[in-house]
Amino acid sequence: MVTTYYFVNNEIKKLSLKELAQALQGSEGMLWVDLDAPNEAEEETVLVSLFDFHPLAIEDCQSGATEEGHLPKVEEFNDYLFVIFNPVENPNSAENQNISRGVEIRTSQLSAFLSRRALVTHHYKPLRSIQYTAQLLTKNPNLLGRGPDFLFHLIIDDVVDNYTPLLDALDETVDRMEEEVFRSPGQRTMVRILSLKRNIQTIRRVAVYQREMLNRLSRGEFGLITSDEMIYYRNVYDHLVRMTDLAESYRDIVGGLLDAYLSVTSNNLNRVMKVLTIISTIFLPLSVITGFFGMNFHYLPGLDWEYGALGATIFMGAVAIGMLWVFKRNKWL
Amino acid sequence: MVTTYYFVNNEIKKLSLKELAQALQGSEGMLWVDLDAPNEAEEETVLVSLFDFHPLAIEDCQSGATEEGHLPKVEEFNDYLFVIFNPVENPNSAENQNISRGVEIRTSQLSAFLSRRALVTHHYKPLRSIQYTAQLLTKNPNLLGRGPDFLFHLIIDDVVDNYTPLLDALDETVDRMEEEVFRSPGQRTMVRILSLKRNIQTIRRVAVYQREMLNRLSRGEFGLITSDEMIYYRNVYDHLVRMTDLAESYRDIVGGLLDAYLSVTSNNLNRVMKVLTIISTIFLPLSVITGFFGMNFHYLPGLDWEYGALGATIFMGAVAIGMLWVFKRNKWL
Amino acid sequence: MVTTYYFVNNEIKKLSLKELAQALQGSEGMLWVDLDAPNEAEEETVLVSLFDFHPLAIEDCQSGATEEGHLPKVEEFNDYLFVIFNPVENPNSAENQNISRGVEIRTSQLSAFLSRRALVTHHYKPLRSIQYTAQLLTKNPNLLGRGPDFLFHLIIDDVVDNYTPLLDALDETVDRMEEEVFRSPGQRTMVRILSLKRNIQTIRRVAVYQREMLNRLSRGEFGLITSDEMIYYRNVYDHLVRMTDLAESYRDIVGGLLDAYLSVTSNNLNRVMKVLTIISTIFLPLSVITGFFGMNFHYLPGLDWEYGALGATIFMGAVAIGMLWVFKRNKWL
Amino acid sequence: MVTTYYFVNNEIKKLSLKELAQALQGSEGMLWVDLDAPNEAEEETVLVSLFDFHPLAIEDCQSGATEEGHLPKVEEFNDYLFVIFNPVENPNSAENQNISRGVEIRTSQLSAFLSRRALVTHHYKPLRSIQYTAQLLTKNPNLLGRGPDFLFHLIIDDVVDNYTPLLDALDETVDRMEEEVFRSPGQRTMVRILSLKRNIQTIRRVAVYQREMLNRLSRGEFGLITSDEMIYYRNVYDHLVRMTDLAESYRDIVGGLLDAYLSVTSNNLNRVMKVLTIISTIFLPLSVITGFFGMNFHYLPGLDWEYGALGATIFMGAVAIGMLWVFKRNKWL
Amino acid sequence: MVTTYYFVNNEIKKLSLKELAQALQGSEGMLWVDLDAPNEAEEETVLVSLFDFHPLAIEDCQSGATEEGHLPKVEEFNDYLFVIFNPVENPNSAENQNISRGVEIRTSQLSAFLSRRALVTHHYKPLRSIQYTAQLLTKNPNLLGRGPDFLFHLIIDDVVDNYTPLLDALDETVDRMEEEVFRSPGQRTMVRILSLKRNIQTIRRVAVYQREMLNRLSRGEFGLITSDEMIYYRNVYDHLVRMTDLAESYRDIVGGLLDAYLSVTSNNLNRVMKVLTIISTIFLPLSVITGFFGMNFHYLPGLDWEYGALGATIFMGAVAIGMLWVFKRNKWL
């Protein structure tokens, strides 16, 4: 589905594909063309016939149909920039918030062509940031009037804002895992820690790639982003710096959790071994004592003695208490 | 609350907002405007109406109201610098000195706008460095006379000095943990080591971000900091280099503590296992010997012998001593 | 075997070595000379006599006959580029897909000389990418008409595409190892993890070296690659960035698997030790009780009592149940 | 104490503070002013009144009075360089050679101001390198005649040479720890390894900071070091490169020692566990056998048999030997 | 011993020191002066009197007499380059091939001065690469005719080739250690792994230092190496890149071996513990059963029963088999 927003004379018009072709002939007005899950014919019409983008860039757009999509990148062509972003599809959906339960974080692909007069966005899956920017634009047509580079910044700013629920979910999961490791580490704990670690790595990689990209966009490297707008891209860059920073501190914590998990396991083993040692150290000698008086020697001292059994019992109790006392003194209990 | 210091004719005057507006119209005198926990109206008046700072910079100021605040950064606008610092709120408070007890280090946010004639500082929480610099200024008005860049250096120098109590507390905690790991490692030791590690990482990150910022400030990258003052910023930079260096050496030590903890746990396990092995190795054979003479065979040698029991006892003693001797020779005791 | 493709007058001709010599005398037409497992005479004729390439470059070509071959590199000579690539020989062969069974990934060597008019490729083993490009060329002669640099990009694009089956096999192996570590870690698991780790490192190194090379090729560093074609090399570069990224995320996961393996082993030890401890803690005391009543004292309480044995049995049952209850309460079961 | 060496007319004169003031008025001759543990008045006179150094540089000098001192640094002022070095106080003292016994390496602070005509050195503790250079100078006055930059190079060259005894002590300690880990790892081994690791880190940091400094000094970055002398600073730089290299290889070795220590501990545990398992596996079955024949059944086979006890003994021996044979075959012994 | 090769009129002459002095006066011909284990007089004559090299460079030459020698470096003087290399002394000697048996890799020092007309090499130990190049030169005088920079490249190319036997020995050792870790890890395995790791680090450091040096030599940084010869230095650089790459992949593998060793040890512990647990779990209950029927109660059920002993035996067998069945079902055997 292709939606075209045309800003001219301070208002926004939606154009059909035909009108779009005419508008492109002219030289006034700003355009935003959004390809939402386009079919091949639409891609052919818009990307090839109308805008004549480079075949390799279009190919990169289409790699959004694969599971992983294309890594974030920015590439400069003669009169347009080609940018790929990795937004989260439904940042507030239950699935994304379930990353604490081992669900893997998945990103989708948003491709954009940015020229002097037009912004063309392309995505196969519905994106909250696109819908949100379209609503903003309907209320305030001038957002497009400030140029496609300003409108584009609104989209990617929202894309980056939409990582926040994921980061919050990660933060919460890190806390919960910490609790779990020290309170009740179990068979599944290690699986969960590794899954958490992987999600943190995914988020970190997405943040780092896009941070580098925004750094280039906000540095004036590309003429298509006017110096007035650069500060807005710098702002998005700042958010990605913070996100990288958070992801890296989570990674440190999870690294510590792995150590902690091994040490807790090791401590548990020590505790179990101490119980075994104490039990053995008390009852093995007692066993020998009862065995001693169970020997069938005819002349065994004390057997005939009236308080023999009592004496043996007291002796055994003394041995047990003595052993416990040794443990206590050596702080083994 | 807005406090305005106006240096003109070699003295300091406190201005109302109205007078501030007038002073800004004129072209003489230096200004320091401090917004201490300002309400929205004050922010609107000072930052927007009077100084007309960039909306994104103001937004960054306001992120100081969130728990984490904004990471340190410096950004150059047309005629002013925008700087964010992460000071410690009450460096000498009991809470901050309790980091040895697992309390997490928290920093707050100090935002500053630095122009030729004015320094505007903005913070939501009372800051010791601001109070201290205001006192200095009251005693010595000329500190502002040397320009807002000199005054600003005084503030951030004190901000950096205020990390010292935290570093001392970390240092002490590192020593105490080392003691604990080797003397009495317990259930909570690992928790404390991880909490310490995290605090060191926090301090390190704060130091590294601000060090990079000071490096840029002291290198003459920004025209607003005069070359005479650059040496003072270099001095603050040096302090942050030392702080990073300390944080990194603490991190190394804590990394070693984790290894040490595991090795101590492992050594304890070995010791417990040795006790168990020695006990078992002595008493299991004795048990078999007493069992042997407890068998009900009619023709068991020695049962009738007058010294049979004595002989068996001596034999058992010999076995026990022999086993201990083997242990001793193999250095297992 | 030497195959020569000559593009002139919009069609492709295959030339003999003699015709090649003549074509090189002239100044029109584009050439692709492929040396597939050439003998020494062919190498001498083509590389030395006809093209007069640098002896060191030819020596590097010939290192393709050794087992490891030469690392990827690009080197600029006066009027030609010398490039070495490390393709996979038969990407879809059973052997390469068996890397999940510990087979080591092996790459071969493709050397290429790229000049204004000619591309010379040299390899000792048959390469799928060469065959594939030759087929393309037969169908569409103009591929060579766009210049040797365009044709060369087709070859290396296919070389990089051919890593995909290996990456898929690695991906699958990583998943399978994860399953194995948590379900049924055995004697061979560690061997397989290490073999997997090594294959990932091999792939990563190949990707990184070639990525750096493509980065240089696509940046306009070498005059022989025209600016129109640079975008195609950039495309290959992008694929290698993705490949490096995948290899690095696999490496992270395998690093986690090693930790997981140790923790699973450690957990198993704990479980076994618990069984031992429970058994010992229940039966050692029972043993002492039976031993007690097996002592030969004449005056042992309860021996004559009609329900003595029953009482002792009940007592022993009570001790066993009590022990189990203690375990349950301490969550040791 | 202030000592002033004045090189004029090819000889060295020692000047009083008054004469120094006069010499500074003139324009001929070279000066070396050494402040050895100066009091505040001396610092005031020399650094402030006579030379008028920057207050921040003087403050950095004075941080030499704190325990850690200032990190190495070089800073360029208008007409002088300010340099801080971290020499070892008494490189050959018993304490420094005792680092193998866990003594922490401590460095002190040497500050120097280097201008066209004068070298001012400042230190609170007596330094071997200063004494040594003073002796050299007395014998050969021309060392100062070649300029303060040449004299300064002599001092820091000796400072760096004086790290050698520490490096030798570290080397020896590394060897001894390696011996200890594999021969007789004990309770204190881990403590000693960690202390060694820390000392290596200290040395490494000192070397790295000073190496970077010397790199800048020898690169012609500062006009005050003439191009003829740069080669001498390069020589000191080379020594620090070697020192960093050594420190890094020691660090690698100590990292390996930690692994080795854990593996030795783990091996010891295995050995102890094997002894326990062998003992248990032999004597627990024997215990059951003796218990069997100790049962009070009236009809127990063999009790009446004349060779019953002998048979049982032989049977028990056979069981024990059988068990040992199983162990042997499985290589558990 | 000083050997001087003089190339003039297309032939090689060996010169005495006197003739050398004359040749240096003139301006034609190329020279190679080799100082093989020179005494001090020879060093004085050649390096100081005849060539007048910088004292610091000569000092660096002489550090080749110490055990470690000087790290590789290149330094530019007015009209000559000073280069230090670390060759292996006797690459094919038994000792060097014994690195698999824990022998430490040792390198020696080759110093060289390279000027327009002369190459001076200096080494205290006989070097295979020098002998080999001298032989080549005798056969083909023109090798020196192409300039000292070409001749020097021949020497260092052979120096780098001579690392190959070491790399092969390391490769073989890595394979053998892998075998050992998984087949028969013993007391000495860890020692051998650490020794291997250290040798790999040595090789890696030598390769990295020399690679960086060759990179500078082959980049046209030094005017003394003509652009025609740079390609030859690039070739040596390539070999060192491959060597670094190999050393790094060996390091990765050895890192994996350490993990593997710990996991194998840990697995062995698990196996031993399982045996202990199985033995205890079977025989401890049996012991209690025999103890039960060994109690001296007058009214113990079954004692009088004719098949009592048989019944007890069957019961005991059933218990043992039941336990084994539980183990089997839980896959503990």
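Per-chain numbering from 1; labels A, B, C, D and E assigned in written order.
By definition in this document, a residue touches a chain if its C-beta (ideal position, glycine included) is under 8 Å from a C-beta of that chain, and two chains touch if they have at least 3 such contacts.
Because the structure is a prediction, the values reported are computed rather than measured.
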item: Shared chain contacts [chain C and chain D, defined touch]; value: E
item: Contact-graph separation of chain A and chain C, given in steps at minimum; value: 1
item: Rotation in the CA alignment of chain A with chain B, degrees, nearest 5; value: 70
item: Copies chain D and chain E touch via same or different residues, half shared test; value: different
item: Gap in Å, rounded to a whole number, between the CA centres of chain E and chain C; value: 25
item: Distance from chain E to chain A - Cα centre to Cα centre, in angstrom; value: 41
item: Chain A, residues touching no fewer than two other chains; value: 262, 266, 269, 273, 276, 280, 284, 287, 291, 294-296, 300
item: Contact graph of the chains (line, ring, star, complete, other); value: ring
item: Ring walk, chain B to chain D and onward; value: B, D, E, C, A
item: Residues of chain B defined as touching chain D within the complex; value: 182, 231-232, 234-235, 238, 241-242, 245, 249, 252-253, 256-257, 259-260, 262-264, 266-267, 269-270, 273-274, 276-277, 280-281, 284-285, 287-288, 291-292, 294-301, 332
item: Contacting residues of chain D [partner chain B, same complex]; value: 54, 56, 59-60, 70-71, 73, 75, 77, 187, 190-191, 194, 197-198, 201-202, 205, 258, 261-262, 265-266, 268-269, 272-273, 275-276, 279-280, 283-284, 286-287, 289-291, 293-296, 300, 302-309, 312-313, 316
